[in-house]
Structure formats: structure tokens, C-alpha cells
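What follows is one structure encoded as C-alpha cells, with my remarks underneath.
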Amino acid sequence: MADRRKATVAVVGAGDFIGAAIARKFAREGYTVFAGRRNADKLESLVAEIEAEGGVCMGRGLDARNEDEVSRFLGDADAHAPLEACIFNIGANVNFPLLDTTGRVFRKVWEMGCYSGFLVGREAARLMLPHGRGSIFFTGATASLRGGVGYAAFSSAKFGLRAVAQSMARELGPKNIHVAHLVIDAAVDTAWVRERIRRMAGEGAAGEPEPGQLMDPASVAETYWALHNQPADAWTFELDIRPYRERW
Amino acid sequence: MADRRKATVAVVGAGDFIGAAIARKFAREGYTVFAGRRNADKLESLVAEIEAEGGVCMGRGLDARNEDEVSRFLGDADAHAPLEACIFNIGANVNFPLLDTTGRVFRKVWEMGCYSGFLVGREAARLMLPHGRGSIFFTGATASLRGGVGYAAFSSAKFGLRAVAQSMARELGPKNIHVAHLVIDAAVDTAWVRERIRRMAGEGAAGEPEPGQLMDPASVAETYWALHNQPADAWTFELDIRPYRERW
Amino acid sequence: MADRRKATVAVVGAGDFIGAAIARKFAREGYTVFAGRRNADKLESLVAEIEAEGGVCMGRGLDARNEDEVSRFLGDADAHAPLEACIFNIGANVNFPLLDTTGRVFRKVWEMGCYSGFLVGREAARLMLPHGRGSIFFTGATASLRGGVGYAAFSSAKFGLRAVAQSMARELGPKNIHVAHLVIDAAVDTAWVRERIRRMAGEGAAGEPEPGQLMDPASVAETYWALHNQPADAWTFELDIRPYRERW
Amino acid sequence: MADRRKATVAVVGAGDFIGAAIARKFAREGYTVFAGRRNADKLESLVAEIEAEGGVCMGRGLDARNEDEVSRFLGDADAHAPLEACIFNIGANVNFPLLDTTGRVFRKVWEMGCYSGFLVGREAARLMLPHGRGSIFFTGATASLRGGVGYAAFSSAKFGLRAVAQSMARELGPKNIHVAHLVIDAAVDTAWVRERIRRMAGEGAAGEPEPGQLMDPASVAETYWALHNQPADAWTFELDIRPYRERW
């Protein structure tokens, strides 16, 4: 555990996997973590885990589609200590045949995956600009670059989020705020993914992921941390991440 | 004027420029045009013009963000004669500094530029699939590929629309429905654009566009027509269009 | 057969398929065709076919890696009648595991697929610039955009050719020369491709291509022709072409 | 200075700037550096500098267009201690109007910027495959993604190199060799760049680069190092690097 810093990181979409791993990594590096997630109860184990390691993590219920909630969440983080990093990590990976994709689903996926990201990025920028520094990172996916069959809703939201990140990077970069977009191009190793692989394989024995097929969230978090530490004269806007065995 | 066909084209976002030029072109080729636009009154001159040439054009007030209206508009077209082509042409080009981009603006630009396109594409597909053929084309822009400064809202919507088009193309292509996305990478020659060039040039004499700087909407419409006529074994999903003088 | 024009088209890489189809199309539209190919003898049937339809086609042996030969070939075309279109269509699709890709192969594939294209484009430009107009089109492939396993040599040449096309388009566009790059993203229907499908399917009955899996070269040629006819205020630099059944 | 490792890094194109900075970084981390460059004499100061810090660096004259020289250079490195990283860093940034770009220049730029990269990557792979691990990184540029006016030769080589990197990454990734392509999208801070800025600014006072306009090579080298340290379940193939003030 590094020394405590007078700085906060906000993780919006602090799910069980990548978001949680990022929270843990920054906590170990001394940051106070503000972890936001729809259901605050589900953050309890993350908070407990970070505290057990000697870190500090505030778990907050947050509907990131709500401007006021976003503003308050990030404002609280910045009031605690300067907001130095803000990670937007909400996905909404759904797949429906085109004709079965309702307007309601399309809108909801966008609100979660794109609109929320815009609000979070903008409000983080508002707080960071007076400090003259900060990192705002967005989690992308394969669907950020490719609209596959059945992904009209999901990839539309992810493409849209990538545009937000680009536009922000071009406006905020010269003001010393590092905006980046990380294309996570493979499945992360989670109970849910393992279950899905098992189901797809049927009842057979081949239902285990192959070594190198899945990513450990902690490995992914290392790259968020590396980006946050890039010197300002050599910033990355976009990169892809995938396990060595992945076909692409 | 070609012989009348038993076929309709729907143009959603039949504005004064590209949309109107596409409507004229298809009308000349014998299609019955269903032209939809927020304000039906503004379609009167287009309808009159097409009728004066011996064509047929139905002008309809249409809020394409409304599923029922979209469904009814396209359903009426298809009831009149088989819907063979559907062109989505609504844009919402706005530019605001990031901190001044309200959630309301971001959402509205998305509803006009992306969500409407999804609804129109999906409903057109629903009607065309039983016919076993059809063309669904989306009008894109430079902002479909690049999130420039101040374009968080507009480019996010345009990126999202492009994802919709890709996803639809991959699902509908094998069912003989041709989905395409046209990246219009320059200004079209309109009164509004000329006025803007004049204003940007100040009061000086240089306020005229240079030859080859602007596109005649009729020239652009030719490419929509060419795509519609591609044989099914050699379809284009995406192309760019710009005038020869454009820098890119 | 259209009326004879006082204009020539040069097709470099006038193979049996796309190149030949382009030659036929332009011949039918009244252009005198200069068809170049490594082995002049193999052009005899194309020349005979075009002449039987009332067209004019000069078949020439041409090693397009040789500056002097390229210069002479295009110069002869332009001396016959103004060179209005030049199509570069040489490929060299090979696939080898990386460690088996010799320097000699890598160089040869590049010379055929990229260096030749540069020479042809540059020499066509030299002749067209004094006329103040012309079209220079390059045939690309999936490998122009994606470096797949085993394609280090082929995709490297195709990526390189695309860069040449882009650079030329940006320099020559404002001088009214239309440069385009066509990404042919599927197999063209040829005896060789049918044979390969048969071999891959083994001896089984499934060795026939499915309908809509292959492209008729004549269908592809239509798009070259459509691009050549685009008005200068609405030019396309790049488009993809694939059959409706293709997965991408 | 980290403890000495039993491992070598090869830097091909160990120029005065990025290549030298990478060499220094890996040397500090305990790697023995094999630095190759056309003119071995020019490596003397780099070698001296690394040795003064307690590191080990072998400077070798190397024409990377020559298969035998490449093979020997990398073989010597691997014989010294296992070759764990190989960085290809040769550029050949030239700009000529299209008609002035000779075949000779086009070929030479390709040989330096693309063909050499292929040879280096392939020979590094040959040595690393038996070890079951390694990193092979290629230095790209803006011109790797965009063929600008006057860059037919340079961008063609850079596009081609990127294809090589992609193809290698897809073949070697599953064999635990990490291939990456780094798009350096700005000028690095060198005497030559400062001189060019001065000349472009004329004799005026504005001839100094603005803060944040140029990249310190040492900052760039940090990202090569971070990529080399990514865990195999979360590898990056491609990223961009630019200073915060850069417009893009």
C-alpha cells in the first residue's frame, strides 16, 4: 500500500470486475476511491476489501443518467480531495435481432453506455479544469469500433461514447486534462463469463475457458494506471487490450 | 422523367438540400416519393416542384423520434406501392464547448440524429423483409468518423448512427437488403452555408465560396441513386463524398 | 455499344477478371482501351472479344515494375487519345507463415502490388495534369485494411498502395484529377476461385459456391464506371464492395 | 539502475532520439542493449552514456535492409542472453511532390521503413519462438494512418509496416510473443526539429516551440517499457502517443 495521497479517483460503474479492479489499484497507490454504482449495497464487499488492505473507499449509489446525481457524486469526491482521475466504466452489453430491438431498449442502452459517459466526463472536466490537471478515462469495447449483428443498440452507444471521448480529448488535452479511451477487446474473467462459456459448450467437458482466453481484471487495471502516469508530453488517447490468445 | 414504377422511396429528413435532391432524383426515375419532415408546410415547394415535372410526391409532417409516426409514415408508403428505398437524412449539426453542452442538447441531438435513424431503419427493414429486397441508406458526415472540438453531441450521434448502419448491414445484407452509409465530407451548397461563409469572412469581398468548395445537392443525390442500382453481388456499404477542392 | 470517344482508358493488370471486366465496360462506353499485362499473349481473347463487340482494345505486354515500360505504355495511350482514366489492378495475393515469408517474396509482392501502383499513378498524373482532368483508380482488397495471419507480404503491399492512393488523392484532387481506392472485400467469381472452393470442400457435394457468395466481375466494373462519372463536386475517394451474402 | 538481467533488448534504428531513449530505459532496467544503426560511430556517445550509468550496451553498425546483417545482429544479441525485446525504430520521413518522387526514392524509403521492419520482426520472432516469449515493437507515425500530400513514399512505407505488425501480432500473439505498433503522432524534441521550427518561423522571435508542443524522447520510451511489462492476458497491440498540446 503506497502512502495516502491527497487525491481522489472516481470510478463510475464500479462493477464486480474491471471497475472494482481499477478501484483496488488506485486505492493501493494511495488514492481515496469514490466508487459509484446503481446499487450501493453491491459495493459493500469492495469497500470492505479495500479497507482491509488499509485503503479508503466510499461506496455510493449512483444513477449516472441523472445529471444532479453525477454532479453531486463527483463534487463530493473533489470536496474530499482533488479529483485526479475519473473512470467511466458502465456498459450495457445486449444482443437482439434488429426487429426485436425495441425503442425502449435502444434508448436505455444509450442512456447507460453513452449519455452517462458524457455527463460523467463533462462534470469531471468542470472540476478538474480549475486544478489544471486530471485524467478522464472511458472503457470501450470491440463494439466501439464494429457494429456486429444484433448489436445495433450496444455498438451505437459504444461508438457514441468513443466520439464523446475524442471530442473531449481534443478540447481538454491542451488544458492538461488527459482523456483516453480503452478498447477492451475480449472477455474479462468473471463468474458470468465462465458460466456463459459453460452454457455455450453445453454439458460437455469443454466448458472451461482456455488459458489465455480471458483477462484478469487486475491485469486490465494495470493499463489504466499506466495511462494515468504517462507524462503530459507523451499521452495516449486510445489503445486496445486483449489476451494473447484472443483472435481478432 | 422515367416511366412510373410501382415502387416508393421514403425520404426522412427531406430538408431543402440533400434530402430534397434525393427526392427529385428518385421521382425523375419513376418512384413515388414519400417525403417526411418535421414541418409539413416546408415540403410544399418540393412537392409542387416534383409534380410540375410530372412526378409524384407525398409530403408528410413527421417527427421521426416517434415510433408510431415512423411506423405509420413508412407503412403508408409501403401500402401505396412496395417500399424499395428508404433514406435517412436527418442531421443536427451543433457545436458547443464541452461545459456548455447541456444534457438536454446532447439528448436532443442524439434523438434526431441517431435514435430516429434506428427507428427508421428498423421499420423500413420490417416492411422490406417480406418483399425480399430494398435499400436503406443513412447520411453520415465528417463527424461520423471524427469527434472534433465542440462536437461531443453531434459526433456522438453520428458515430452512433454509423454503428446502427453497420449492424443493420451485417444482419440484413444476407437477406438481400442493401444498407449503406454515406459520409458527406464537405459543405453542401445552400443559402445557409453561403451565408455562414460570408459571415466568417467578415464584411470583406472574400465571402464567396471558391469554385469546387461546395457540393451541389443534385451531385450528391447521384451517388445515392448509383448505390441503389448496384447489383446485389457487388454492394457498397460505405463511401465518402467530397468536392474536388476539399482538403481532408 | 456507345459512340466512339476521343479518349483512352488504361487498365494495368488486365487480368481475366476484374481488369478484363473494366476494359469491356469502358470499351462499350466508347473508350479506346489500352490493356497491359505481364504476358501479352494472354490478352488476345480480351482484345478479340472487345473487337467483336465493335470496340477498340490494344493489348500490350507490360512489366509495371519498370518505370520506362509504364511511362511508354501510358504515353502511347495518351498519344492515341487523351488518357481519361487509368485503373491499377495488379494484385499478388499470397499467404505464407511468417517464418516462411522470404525477403525475396516480400519484395516481389510489394513490387507488384505497391511499387507498380505508385509508378502507374504518378505517370498517369503526369499525363492528365496538362489535360486538367482524369480518373486514377486503385483496386484494393480486404487486406488493404487488415493484416491477417499469413498476409504480412500481401497486406503490407496493399496497405502501402492505399497510402499512395490517399496521398495522390489529396494532392491531385484540387487539380481536378479524381483518385479513388476500391476495397474489393470478397472473392470474385472466377474459375480459380471456384476450383479453390471445391478443393477446400474436399470431394463432397458442397463444393459449389453459394448464391451471392461470389461477385461477377462485370458487377464490380459497374462501380468503377459510376465513380468515373461522378461530378467533380461530389467525388468518392474510397468505398468497399462485397456481395450481399458476404460476412464481414 | 536495476539489477542486471540475463536478457537482451535489440534496438534497430538506435538514432539520437527515441531509439536512444529506449536503449537507455531498458539499460537502466537491467537489460543488455544491442543498438544497431547504419553508422556505428554515431553510437559511441550512447554506448558511453549507458556505460557511465553502469549499464551495458553493444553498438553495432547495421544495414537493416540486409537479411544476413539483421540475422547476425539479432543472433548475436540472443547468443549473449535471451532476446526478450526487439524494437524497430527506423524511419525515413521525406516529403516530395508526387511528380518529383522518383522510383528510386520510393523504393529506398520502403526498404528502410518497411522491408527492414519485416526482416527485423521475422528474425526476432525466429529467435523468440523457442524461448516461448518476447516483445516486438514497431515505431509508427501519423503517416502510418494518413497519406498526406507529399507523403506517397513515406506513408506508403509506414502503412506497410503497420500491416506487417498486425499480421505478426495475429500470428505470434497466441505463441506468447507480444507485437505492438506505436503511433508517434507528434514531433519529438530534437535539435533538428527545433531548427526546423525556427526556419519555418523565419527570423521572428516565435521560432521557439511552445511548451507541450514537443515530446521528450524519454517520455516516449516510458510507454515502450510499459507495453513490455503488460501481463500476457491484457496486451495492447496499438496505441497513439502525442503531447498534450498537439492538435489532431
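Just a few scattered comments:
Order of writing sets the labels: A, B, C and D. Residues in every chain begin at 1.
The rule is short, and it goes like this: a residue touches a chain if its C-beta (ideal position, glycine included) is under 8 Å from a C-beta of that chain, and two chains touch if they have at least 3 such contacts.
The structure displayed is predicted, hence computed values, not measured ones.
Between the contact lists of subunit A and subunit C, the overlap consists of B, D. The most distant chain from subunit D, with centres taken as the mean of CA atoms, is B. Distance from the subunit A centre to the subunit B centre is 34 Å, each centre being the mean of its Cα atoms.
With centres defined as mean CA coordinates, subunit C is found 31 Å away from subunit B. Counting only residues that touch two or more partner chains, subunit C has 170. All chain pairs that count as touching, in label order, are A-B, A-D, B-C, C-D. The residues of subunit A lying in touch with subunit D in their complex are 170, 173-174, 176, 178, 189, 212, 214-216, 219-220, 222-223, 226, 230-248.
Residue ranges of subunit A in contact with subunit B, taken from their complex: 67, 97-99, 101, 103, 106-107, 110, 114-115, 118-119, 121-122, 125-126, 129, 143, 146-153, 155-172.
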